[in-house]
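There are two complexes below, and they share chain A, which is joined by chain B in the first and by chain C in the second.
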Partner chain A sequence: MFFDWLTPLMHWKEFVNGAFVTLGITLITFISAFGLGILLGVLRLIPRRNIVQNAAYIFATTYVEMIRNTPALVQIYLIYFGLPEFGILLKPLAAGILALVINNSAYIAEMVRAGLRSIPKGQHEAAQAIGLNPVNAFRLVIFPQAIRNIFPALGNQLIMIVFGTALLSIIDVRELTDVALILNSETFRTIEIFVTITVIYYLLTISLSTFLVFLDKKLFPVKV
Partner chain B sequence: MDMSVIYQFRLLIVRGFLITIELSVLSIITGTILGFLVSLAKTGRFKWLSWVAAVYIEIFRGSPLLMQLFMFYFGLPYLGQVLAPSNPVIASFFLRLSPFSVTISVLTLYSGAYIAEIFRSGFQSIPRGQYEAASALGLHYIRMIQKIILPQMVKIVYPPLVGFYIGLIKDTSLASIIGYQELVKQGQSIINTTSKPFEVYLTIAALYFIICYPLSRLVAKAERRQPA
Partner chain C sequence: MKKRFVIGLVTILILALVLSGCATTASTTNPAPSAESQKQSALEKVLKSKELTAAVILSFPPFGYKDEKGEPQGYDVDMAKELAKSLGAKLNIIEVTAANRIPYLETGKADVVFGNFTRTLERAQKINFSDPYVVAGETILVKKGSGIKGVNDLKGKTVAVVKGSTNGDIVKKFVPDANIRFFDTSADCVLAVKNGQADAFVEDSNFIAYQAKANPTLEDVGDSLIPLEYNAVGLRKNDQEWLNYVNLFVFQMNTSGTNQSLYQKWFGKKLPFSLNPQY
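Our next item is the complex of A and B:
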């Protein structure tokens, strides 16, 4: 029995499909988690002057701490296997994406919070001085600078989401790791298939990283 | 919602909890040792050793942990067959791999790669003058690392390192997928008996929270003390 490198080549279509599913899930997850993360990060930074603001702060803090200190696998199981106990039945893809969004939104919330806190008070005061209301000040002055500061960390989180999609193979989502398992049980060419999958993941990671570095230079040419 | 099943199977849950702690502590220790050695290799004098370390780090940081677990768990017996199809000694070694050995090996290799990067950035954040002063004093490499570099590096490396440890403790839950009887797997056995997945997984999540939250408070406190 020798290595048979033709087997992964013959099944190239499954690999390509799996890679597209992985990328699609990654994109949807990142955009949703980014939006949710901004909301949560802002909620953790608002002044707690009345009951409503206090409740929002406590909700956001509890959410972020609970999600960050529990494993993603258990979160996926809770959503896919636990929710049907209350009558909420989700398809594997929907449950998987929901779990990934919830998980990554907590980490992105922490990054957004750190990014917003790193903006000097002078920026807030200058925005107010030129007559911008708080919403526009945030949208036009504070937020873009915060994103510029945390852009590398966001890029790293995107790579982590790519690796997180591998967890979805357990609940039968046809992404790249699941393709590897299925092909393995069909052809039993374990090492050839998994080496190919490793190479594909590595290529995905490298191309995403390179694209993010390019995007960083394009969007934020000047760094403070 | 029926939490009484948790009390009914409390011994199984406690056993799984202890096994998870054991697995976490073991892989933290072995991963840190390997990561430290690899970081020394990467920042050392010998170019070829640095290249080997770089390739190792790229491989284990460039793919998902779950996929690495599957590759080792399904691939090592296959490798044993290919390399020594007629040798029964080698074949029996490869075919008798337990989920525990595979999990420990993969977690060590995985965490070694990430910890090596953490230590490497720690090494590079020590000012060049320290290294030059150490060689001016006549200290050889190991003494220099031990007496001058490491004591300064500990404070810098501590937050990202403990942060990674927290992630590693959560990643031990993946061992349940290849059948190792840690907390999540014990919980799944309970679910097979009682059909109460939400209560069981909620309890498992709470137990992981109890382990990880104090550690993350430690990291937050350490990060606040640093004038970054």
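Our next item is the complex of A and C:
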């Protein structure tokens, strides 16, 4: 058994392209899933005083429970291969991003819900006392504090999304893992190729983590 | 508190070092025993242990698939059963894909691969092939009425192929501007053509003929893209004894007519091409 490190090196362009696709999908997915997750998290906490609010709550809860309790791979399959049965044909990249956004929004919704619930009632009362309407109270007082609490968990989810993009290899989205699998099936240099992408994934996630630590310190400085 | 934390951390680090040390000593001592166990032929190993481990592709009917009970069935499965019978060994089937069948052989996880495995020079640099037991061309599966009649109509179209098959390179060679989509299994490729996510699926002619029969909306077109592919049993390198035995097994299968009758059972016709090329 000898190692042929030239093989992955000769295909460096494909690996770099794959890494960029991975990064792009990750960022788009995170931003979209974060937005959708906030909406879903809030919907799960609204008082169910009338039919509309009740329906919204039930929708959000069903969505979150169903998505969290089924594997992401199955969801990707259903969206790409199953939707055409209903006439919806999606390009692989679109289907992949859609599946990842739907999947991650459910997990982020739960994080947001936890973060919002952790804010003491006193904050709500104080915001009301100084004359803020509910929307502004949420926007200016409650939400920023909730985000500060769940920021580490959100950062963790971002890293998980990087790994989630690897699942998209089954529908041939040319992200890093797909590039590796195709190259492997052509050259059979399994160890060299997969060690190479392990290193690339590690560099990607380390960079993201470092950026997140920096962001955490900048956005939420610890006041003495 | 801090002391306990430090002790805990040091313990974990020591454990990690010990485990990694064990792993590396195991792998450094392994080349010696594994070189010796590779000196022991797979033939000896199978005869001694009375167990044959065959890696079969079970996502490629009728070569290999799982029936309603989850049992492996198919032409390749039957061939594996015949090999095990000849050795007086119990057959142990593990499922592989076109992409990972070679690593399974290289690492000794399987003794043989039955997977409509095409003999190519590149693959022969990593593993050994037996003599061929099935021959095929490459044809195209398309939706009825697609207007694609042959390889020249594939220009600029989306062609689905399976990761790890020979078809990706073949399509690239004949139709350089085709948009090739690599899927994990042949079932995904067929589904992609049905859905319209791919215009065509290029694969083994035996397999495509079977899929065209099984799917009324699809048809197989095109003469074989390439000269015939000779498919054989995959074996690990550095094992001449095993290669000799399996070659004799294939020879016996062919001359006794067992291979022909198995093929007839699964494909409903005789082997379409001669196993011995005339040139």
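In the analysis below, the second predicted complex is superposed on the first by the 221 of 224 C-alpha atoms of A that agree within 3 Å, B and C clash if a C-alpha of one lies under 4 Å from a C-alpha of the other, contacts with A are read in each partner's own complex, and residues count from 1 in each chain.
Going forward, contacts are C-beta pairs under 8 Å (C-beta built on N, C-alpha and C of every residue); 3 or more make two chains touch, one makes a residue touch a chain.
Being a predicted model, the structure only gives us computed values, none of them experimental.
After superposition on chain A, the partners chain B and chain C are seen to clash.
By the touch criterion defined above, A:Phe2 reaches chain B but does not reach chain C.
When both complexes are overlaid on chain A, the residue A:Phe81 reaches chain B and chain C alike. Using the contact criterion defined above for the overlaid structures, shared-chain residue A:Asp178 touches chain C, although it does not reach chain B. In the superposition on chain A, A:Ile170 makes contact with both chain B and chain C. Once the two complexes are overlaid on the shared chain, A:Thr205 sits against chain B while remaining clear of chain C.
Of the two partner chains, chain C is the only one touched by A:Leu89; chain B is not. One of chain B and chain C touches more residues of chain A, and that partner is B.
In the superposition on chain A, A:Glu186 makes contact with chain C only, not with chain B.
On chain A, the surface touched by chain B in one complex and the surface touched by chain C in the other have residues 1, 81, 84-85, 169-170, 181, 184, 188, 190 in common.
Taken together, the chain A residues at the contact with chain B in this complex read 1-3, 65-66, 68-75, 77-78, 81-86, 162-167, 169-170, 176-177, 180-181, 184, 188, 190-191, 194, 197-198, 201-202, 205-206.
By the touch criterion given at the top, residues 1, 80-81, 84-85, 89, 92, 169-172, 178, 181-182, 184-186, 188, 190 of chain A touch chain C in their complex. Remark: chain C residues 98-99, 102-103, 106, 122-123, 126, 163-165, 168-169, 181-184, 188, 191-192, 195-197 touch chain A in the complex. Here chain B touches chain A in the complex through residues 1, 58-59, 62-67, 70-71, 74-75, 78-79, 81-82, 85, 166, 170-171, 173-174, 176-177, 184, 191, 196-198, 201-202, 204-205, 208-209, 212-213, 216, going by the rule given at the top.
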